[in-house]
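Note that subunit A is present in both complexes that follow, paired respectively with subunit B and with subunit C.
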Partner chain A sequence: MTKNSSREPLFHITKRGATVWWKPLFIRAIAIVAGLFIGLCFAAAYTKVNPFKLLGYMFSGAFGTQKRIWNLLQDTALLLMVSIAIVPAFKMKFWNIGADGQTLVGCLASAVAIYYLYDKLPTWALLLVMLLFSLTAGMIWGVIPAIFKAKWNTNETLFTLMMNYVAIQLVSFVLLKWFPSGQNDFAKFFSRYGNMPKLGNPYVLILIFAVVLTVTMHFYLSKTKHGFEVSLVGESVNTSKYVGVNVKKVIIRTMILSGAICGFVGFALVAAKDHAITTTMVGGRGFTAIIVAWLAKFNPAYMALASLMVAFLSRGTSQILSQTGITNSALPNIVTALVFFFIIGCEFFITYSIKFRKKNKDATPANEPPAPETSEPAKEPSSPSSEEETPSLAEAPAEERTPAEEALPTEITEGGEEK
Partner chain B sequence: MKKIISIILVLAVLATLTAVFAGCSNGVAKDEIKVGFIFLHDSESSYDKNFIDAAKEAANELGLRDDQIIMKTGIPEGEECTAAAEDLVDQGCNIIFADSFGHEAYLLPVARNNPDVQFCHATGTMAHTEGLDNFHNAFASIYEGRFLAGIAAGLKLYEMNKSATTKNYKMGYVGAFTFAEVISGYTSFYLGAKYALNQKEANLGDQLTMEVTFTGSWYDLDGEKAAAERLIANGCALISGHADSDGVPNACEENNIPNVFYNGTHNKSVYLCASRINWTPYFKYIITQVIKGKEIATDYTGTLATGSVEVLALGNIAAEGTQKMIDDTKKLLIKEKLNVFDTDTFTVGGKKLDAYKADVDSDAAYTADTEVVAGGIFQESKFRSAPYFDVRIDGITLLDEAY
Partner chain C sequence: MISFIAQSIRMSAAFLFGSTGEIITEKAGHLNLGIPGVMCMGAIGGAIGARLYVSSLADLSQISAFPAFVIPLLFCLIFASLMGILYSFLTVSLRANQNITGLAISTFGAGFATFVNNIIPKDGFKEIGYVYFKLFPSTEKLGGFGELFLSYGAMVYLAIIIAIAAALVLKKTRTGLHLRAVGESPATADATGINITGYRYTATIVGSAIAGMGGLFYFFDMNGGSWPYSDAISALGWLSIAIVIFSIWRPDLCILSSIIFGLLYRLQYFMASATLSQKTLIGMLPYVITIAVLIVTSIVGSKKAQPPASLGLNYFREER
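And now, the complex of A and B:
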């Protein structure tokens, strides 16, 4: 960096160092508000309704009546459960985008149990069989790509994606066997069987499932040896091998868990919500769950918030349609997509910061020390924002550790940040 | 003292409730009525668009304000339908309508819990057995529309064969699934074509044959096109179908084969004729009944007479005199001087159909439970609105029954 004479560019991009915990959250909140605002302006241009009124519709659609709140919570809980299911796989950097299919085969397994055993077993036994079937089915669907990955290093993204379509075809096939007319009569004849108790209100049970699952997963990932191994494999396969972790075993074991939880969601959909089987009943939650998990950086508490936000967007934008009499569902999709777009875009600003050229030329001499500049050119003490976020004490140990190994220390600093 | 006050309060609440219920039985003021609609997809789907357009049309014709019509689109056939219906009840709807077959099981519990709201469901089969006063099914005698479209097909075949040296009276039909609605549809289409040929020359209709194949899906552009191409390769001179994509017209256009369409027209050169169900009359009917405080029929079958069944504009390739014969036959059908499923016009296994039990009441085993032949006529859509004609008649060959 000896270009003394050349002018400094208008702005340059620098990586942020360790930063205060609330800053990433603050940036995300701004992104959500900005995305929603732009989305609503778009909707306003289309519907000719004032955007603040549209925002009012959204809140009314999500929270307007007691039932709407319950529906919102149920949507949140179901999405959260699928997100929880994919978290261990994603932490392991196993890109499981087959949660939709794993959940759907879980639904199918419960439906199969009902179809063949409804008149042979009492409800409690039937429910137990359904649960076992669903867990097993989800597990099988999850473990097949894992075995291929562990043995032959196949691409799990493609594999899990394709397994979704196999699951859909499997459900179509079974439905056609049961109802050759093409009219799905399952709900008509079998919705009475294999129902979980309602606990006063049909929504409560799924909420309880979601809370228990979330807490358990948090404990599993942060407090158990299994959880640690999952993060280790995700950070560095070689490090894991070096410290004696059986990587293949961890991959397979984690995908069994991931698939089984998806299977459980399938069971919950059939036994506690729809009491039916259709090819579309998972409703793309397996894909939306990926966004939820990423947004929340795999932190279960934030995942609950992210799920709530997605559910709110979905319920809210549907209400805009219903209240403005628009019958084309492209509009809610566009609004939701704009919010997601801003959230994903804001990740850039969380990892990097943009430094504008200083008008005052006296500020430049701060760039003197050449050594740290390659890794961290951001540390201009003159910039007020970076001054706050780069307490040199926090920075130094992180740099010291990196040459040793990548996996462990980053995990620890990440945990520290999130606290 | 507290007790007395609470008793008075309870009595007051009861009195108000009674007044409200009494008000209901006397109908609802037109500017207070609210109608909620539940649609499976949005207006991008041709199936749902047909309902959405009809709902707007009915509201418009009856002079309802925009806020008296609440539409919920993209409601899956699951618990979401129950939630949507409950939400519409909370919004004060007097009538709630759902458009998809699979909505029925999720609409029924809401109907049970809200006896003062009317629930109407298109294409369903359970209203006549559930015994709820406020749950209703609806369909249309679309077989009459297909019979009339069949006349256009028969006359076209006649025209094509008049100048040909080798006669070919074979038609093709692409269906979605082998079940009553589709069977009733292709059979009436065949009988319409047969009727037209017989009008031209006595017993000419006996030469008419039809091949039917099924795709196993309600919307499969490539599958329907491939099926139509198979039928054309088998020598079918004219193709019709019953599924929702443009696959069949596309195949017909490429092979220059006349096409009879369904639920809308298309502007391809091979377009001959089409029939469709218009739901506007039904929507107007249910809204008017509730305004008047009258009951809605448990099973409503829209007909040619009510305007629910329509034959759409003929294509340029239609044979001469087609419109006239369709108009004349329509009058005969409305007056019931002619019946689509007159058992004198077709045979089953070489014999006349004297008696037939159909699966009218829904049960898991699909038991044939009701005698539906009476007075020399198969009484389609009489015991319930949704079709139940599933007889395989002579002259029609099913190439496959996988679906």
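And now, the complex of A and C:
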């Protein structure tokens, strides 16, 4: 009687062992489809148009014409570049939420170069100065929090975040200095100065930048000593110190790199895309990039795919709006965020599996396959609401790798050989 | 000068709600970076409640104080709690990364608030704003004292009461002790039979509901019922998270630090003679000061001024 009364919980949660390679991808695909479906239902309730028709609009908005495809690719490339910029920082577990600000000061630096030097330099020299200014500005914005993190372990999440707002205020300050009337007529400079050359069409150059950056970063992180040190610091600061890595140097160096790439994106935004300077021109890419990089587990190829997905969602939803004649600029944000929620949630089902209680348990009381029975009575008095959370201790494979280890399967061994 | 201080104290309620809510959440070991989104949701929830109330009336002259105050507040609490539920489901039950989830909540909250704001009619919001703006009538007669202590709307007093109550609960009661145990060392708490999941869910949802009121307050009291842009509310949310560190995770100290941030935030409106460009520099101050505070607290770093030991870490019994 007592044996039967020790109930087995409705389900156990256990860690998955090694699974087939397609299973995580499959789970993620389901999550994306589900998120998109919910997002479409939301949009459908709002626009009163059949969701499948809306899906059609989305595809036409993203791939409908040649210009739309180029726009999509450009969005993808810009987002991907910001993601690439933050990857080294995040691999180091340095929560750089300030990519927005670092990019914005990059934009500002380019604009400053144009404003003061447009009539003094030939175009190629001006572009070079702009590039230099932007890289430096992004670098400075990135390295300030890093120095304090390295020296005093200052909370970098809030520090970088506050730097965003400082950057925004700085840009409005400079704009008001230049145009006291509040009329932002910066675009007039661009009729002649500081434009990147167009290779065929205005989109190609940014795409080339993105591809080169992605490949270089992949190489840097997976094949060089620097990249190995970054992963090592991210895994364990103490281990890094033990093997003689100068942690402070790595933090500062990595954030210089991260900030400089953000600054470069700022340069690309000013010189090759927007040809203007406003406080909102980065448009939250720094935040979206974090989610993109994290969900792609810092794998450049997946990051490109994730960026493409976000660009598709945002372009597609905009198309829904223009096609149904409704103006509500916030719909793309909502749909994107809904899809994010689903992808964030689905990670659980990739790492863990849920095993339900066997139904035929009452029929065969002597049969005791689920191992946790033994540990059950000890737990019973301490946690009365054990249905919710008692997992089985026995079913988790002991030599399981943690998700963090899985994220960087090769780097450590490769770099280790190098050392 | 007195009116400037009074305005700053009024402003501080937005920070106080946000940071008290975040402290309760963080004490349970969850770093909710979604507070900006939660505050946006609270504000827009209030707007939806206000809209429902106003549309149930024949005309605007029928607005009476009590329902005009309570109905938006109720909807604000519901919407903010929904975000809390979503956050805790993803982080507690599904063990998702807390920072990423928080950022997604922030994106969603700001987007949803802007979205609803674009479609909602705002008749009567000004009148509801008046209801929120002032609790005690005719305090002008009391001069400076009246202005400094009695001139505020009900939400300001509510914020202070909640902060004090939160401080007492955290410090003096068994519930508070358990909550702190969950945030400091969930494994130990689990061993003593404390329901970790329950505490973490409750703390996050209650914290979100409190933080959401900050958005509602800013919308109806501070801004008098005109929409202050999601970005502005988000900025308040981020500052609230910073205030938590400034107040070394103590709701009672939060009252003081919120007032300091209120002063900084209102400074650019006080300096009437400053040019527009100078005002942008003054507007930079709250953020620069926050950075300075972060640096100073990290350098000083006394033993008492530490975050809960397992802040940001999800608890999974098998991974002990």
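Here is the rule we use: the second predicted complex is superposed on the first by the 350 of 419 C-alpha atoms of A that agree within 3 Å, B and C clash if a C-alpha of one lies under 4 Å from a C-alpha of the other, contacts with A are read in each partner's own complex, and residues count from 1 in each chain.
We take it that a contact is a pair of C-beta atoms (placed from the backbone, for glycine too) under 8 Å apart; a residue touches a chain by one contact, two chains touch by 3 or more.
Note that the structure is a prediction, hence the values are computed from the model and not measured.
Trainee: Identify the partner contact of A:244: answer first if only subunit B is touched, second if only subunit C is, both if each is, neither if none is.
Mentor: A:244 contacts neither subunit B nor subunit C.
Trainee: A:163 contacts which: subunit B (first), subunit C (second), both, neither?
Mentor: second
Trainee: Using the touch criterion from the header, give the chain among subunit B and subunit C with more contacted residues in subunit A.
Mentor: Larger number of subunit A residues touched: C.
Trainee: In the overlay, answer first, second, both or neither for which of subunit B and subunit C A:337 touches.
Mentor: second
Trainee: Figure out whether A:329 sits in contact with subunit B (first) or subunit C (second), or with both, or with neither.
Mentor: A:329: touches subunit B and subunit C.
Trainee: Have a look at where A:122 lands relative to subunit B and subunit C in the superposition and call it first, second, both or neither.
Mentor: After superposing on A, A:122 lies clear of both subunit B and subunit C.
Trainee: Once the two structures are superposed, pull the subunit A residues common to the subunit B and subunit C interfaces.
Mentor: In the superposed arrangement, which is not itself an observed complex, subunit A uses residues 176, 180, 182, 327-330 for both subunit B and subunit C.
Trainee: Quick check: in the complex, which residue numbers of subunit A touch subunit C?
Mentor: Subunit A residues touching subunit C: 14-15, 46, 95, 97, 148, 152-155, 157-159, 161-163, 165-166, 169-170, 172-173, 176-177, 180, 182, 284, 287-288, 290-291, 294-295, 327-334, 336-338, 340-341, 344-345, 347-348, 351-352, 381-383, 385, 388-391, 393, 396.
Trainee: Quick one: which bits of subunit B touch subunit A in the complex? Just the residue numbers, please.
Mentor: Result: residues 39, 41-44, 48, 52, 66, 69-74, 76-79, 83, 86-87, 90, 101-102, 104-106, 126, 176-180, 216, 218, 362-364, 403 of subunit B touch subunit A.
Trainee: Contact residues on subunit C for subunit A in the complex?
Mentor: Residues in contact with subunit A: 33, 86, 89-90, 93-97, 99-101, 103-104, 106-108, 110-115, 118-119, 190-193, 195-198, 235, 238, 241-242, 245, 275-277, 280-281, 283-284, 287-288, 290-291, 294-295, 298-299, 301, 316-318.
Trainee: State the interface residues of subunit A toward subunit B in the complex, per the touch definition above.
Mentor: Spelled out, the residues of subunit A in touch with subunit B are 65, 67-68, 71, 176, 180-185, 187-191, 202, 273-276, 278, 280-281, 283, 318, 321-322, 325, 327-330.
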